[in-house]
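Got a structure here, written out as structure tokens. Questions coming.
For reference, chains read A, B and C in written order, and residue numbers begin at 1 within each chain.
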Amino acid sequence: MKELRAAFIIATKDILTEIRTREVLTSIVVFAILVIVIFNFAFGGDERAVKTVAPGILWATFAFSGILSLNRSFMMEKEEDCIEGLMVSPISREAIYLGKFAGNLFFILLIQLVVIPVFSLLFNLWLFSFEFILVTLMATLGFAAVGTLFSAMAVNTRARELILPVLFFPIVTPVIIAAVNASLLILEGKGFSAITDWLGIIAAFFVIFFVASYLVFCFIIEE
Amino acid sequence: MGHADQPAIEINNLTRFFGSFKALNDISLVVHPGETLAIFGHNGAGKTTLLKILSTVMKPSNGEVFFNGRNIALESETVRRDLGIVSHRSFLYLNLTAYDNLAFYGRLYNIDNRSQRIKELLERLNLKARMHDKVSTFSRGMQQRLAIARALLHRPGIVLLDEPESGLDIKALDTLWQLLKEEDRTIVFTHHSLERGFATSSRVAVLSRGKIAYCPENKGSFSELHQAYSLSLEAM
Amino acid sequence: MKRKILFFLSAGLILASFYMVLVFVPTERDMGVVQRIFYYHVPLAWIAFMAFFIVFIGSIMYLFKRKPFWDYLASSSAEIGLVFISLMLITGSIWAQPTWGVWWIWEPRLTTSLILWFIYVAYFIVRGYISEEEKQARFAGVVGIIGFLNVPLVFLSVTLWRTQHPPLTIFTEGLVAPMMATLLVCLFAFNFLYIYLLSERTLMKLDEAEVKRLKENIMERNG
């Protein structure tokens, strides 16, 4: 309970920073929409082709913009060694992980909230269904769980921006494969029962890596 | 507060390796309640490493530290509640305002009458007029003052400061020591100037290559300190 | 002494495997001579996975015990695993070309290995961008744990993904006795080779650390 309270305080601090700077909402969302537009030039010629590649484009966009958002997350803790400020506060290391996780989750969802309507509009695809939202939400949980851990790791190395994608992309492969395929099935009009296997993988990914990241986070931030 | 005879800080056989380099070599030290200990030493003597271990940010390779009888490795959350840190970095979020920063840390420490306490500190450190400005617009000295406010917000009984006087003007220095001394605190700080450090402390220690080269029970004289410090430089 | 025995055992078994693969075993009817690469391809894959499991164990032990030995063991195993899995990918490619007419097939096991290859390359990239030894070991330990936990999820998702497309059959009939025997000899050969390399490499790292320590001692004494 104490841990959740501290996590909540840290997450609201991250959100307050966003309100003061509007970094995510301006640059990262613009970047995400740019990615979609470029993909549209690459694949958008044929309307039938669009339908099969659309989920792939969408999840590639989420992954790329997610990386940017995650990179920023611990960058701001490192700038003036604020992470040390958190570490000398009377809260556990795990509370720091939970707080940063919640903040990252919030920002990636925020990006998706803008990107999905734009995507639907540009590709002329209706994406808003219960199944699609469920898949997106659960996959994003998994993204944020490992992303938070690797973001903390990346800022503590000499090649901050490089390390995060190099670690993040291979690890999230199962989620990307599952989310893309589930989205394809949803777009084809298949119901919930068709995507349960994929949802299972996405859920397992989140549970395994959330627990593992929660447990090993302290090894990353200690000095 | 612990017993009257219990040391505020007790360091037993502290060693810290970086790879095969020994940054701290079997350090033992006792600081009594209410003392102000100044630590001197050349670059790389282990001052910052020692302060980082005391602040629970870094783990020692060997040895133990007790604050008021509590093992800081085992009861770290309780220990941190009574611990204030001023590092050579400010721990401040540059994109938040001065007030936001203090309010955030105040919530983490769960302190009562938060906004009143924050305003009082900002007033005394002469930052109140700028409290709703982003820290990124502050000068180095203003950031340093805010960092001090951040460290003392929760009225800690043990305060560790790494070069606290750098970047402060004379007026801010007065306020710093006034704030530090007006409550019953145990203070450990490092200083680059022997004269200033000697003048503001009640005890002194010299670190040399990871070992304590000089640390008399009573304060000793300035010339003794000067001699010990010169010797430690020669030993390099 | 033990090291010598291991050396001769693995060298002997590898020589024996040459004979078994090149002379003894009958040529497979459908695929022809190229199928002989299978006897190396499969053990390489097996040993690579085993090596990554040792990385996982070594990483956990390091994070708990903080004894450099466990990091030496884990990183040595990761080096060997990475070499083996690279060879596995190359032999797979050589096998695929004449058999299916392409250099690469997105077969579940090959794809999983490719993702693993990326993860353990990242393991060394992370190490490369950290200068402090102790931090290198800690971060690599976290990657070693997270990377291995990902193996079943990657495999599951890739398998599920591929089964939606026509599956590939590798053998129309099972392995006959001489084939099985050859495979076993190769498996033993690589197994002993792995153990030999692992112990040599770990001991080498221990020696390196000892030399470094002695050097620092001398430096300290000479001021």
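Simple rule for what comes next: a contact is a pair of C-beta atoms (placed from the backbone, for glycine too) under 8 Å apart; a residue touches a chain by one contact, two chains touch by 3 or more.
Predicted model only: the values in this text are computed from it and were never measured.
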Centrality ranking, top chain (CA atoms only): A
Label of the chain whose CA centroid is most distant from the centroid of chain A: B
A-C or B-C - the one linked by more C-beta pairs in contact: A-C
Geometric centre distance via CA averages, chain B-chain A, whole Å: 38
Centre-to-centre distance between chain C and chain B (centres being mean Cα positions), rounded to whole Å: 49
Centre-of-Cα separation between chain C and chain A, whole angstrom: 31
Residue numbers of chain A (touch at least two other chains): 222
Interface residues, chain C side, partner chain B - complex: 132-134, 209, 212-213, 216, 220, 223
Chain C residues within the chain A interface of the complex: 63, 115, 118-119, 121-122, 125-126, 129-131, 135, 138-139, 141-143, 145-147, 149-150, 153-154, 156-158, 160-161, 164
Contacting residues of chain B [partner chain A, same complex]: 52, 55-59, 77-78, 80-81, 83, 85, 87, 89-97, 100, 104-105, 107-110, 134, 150
Touching residues on chain A, where the partner in the complex is chain B: 6, 9-10, 13, 16-17, 20-21, 76, 79-82, 84-92, 222-223
Complex interface listing, chain B residues touching chain C: 17-22, 209, 235-236
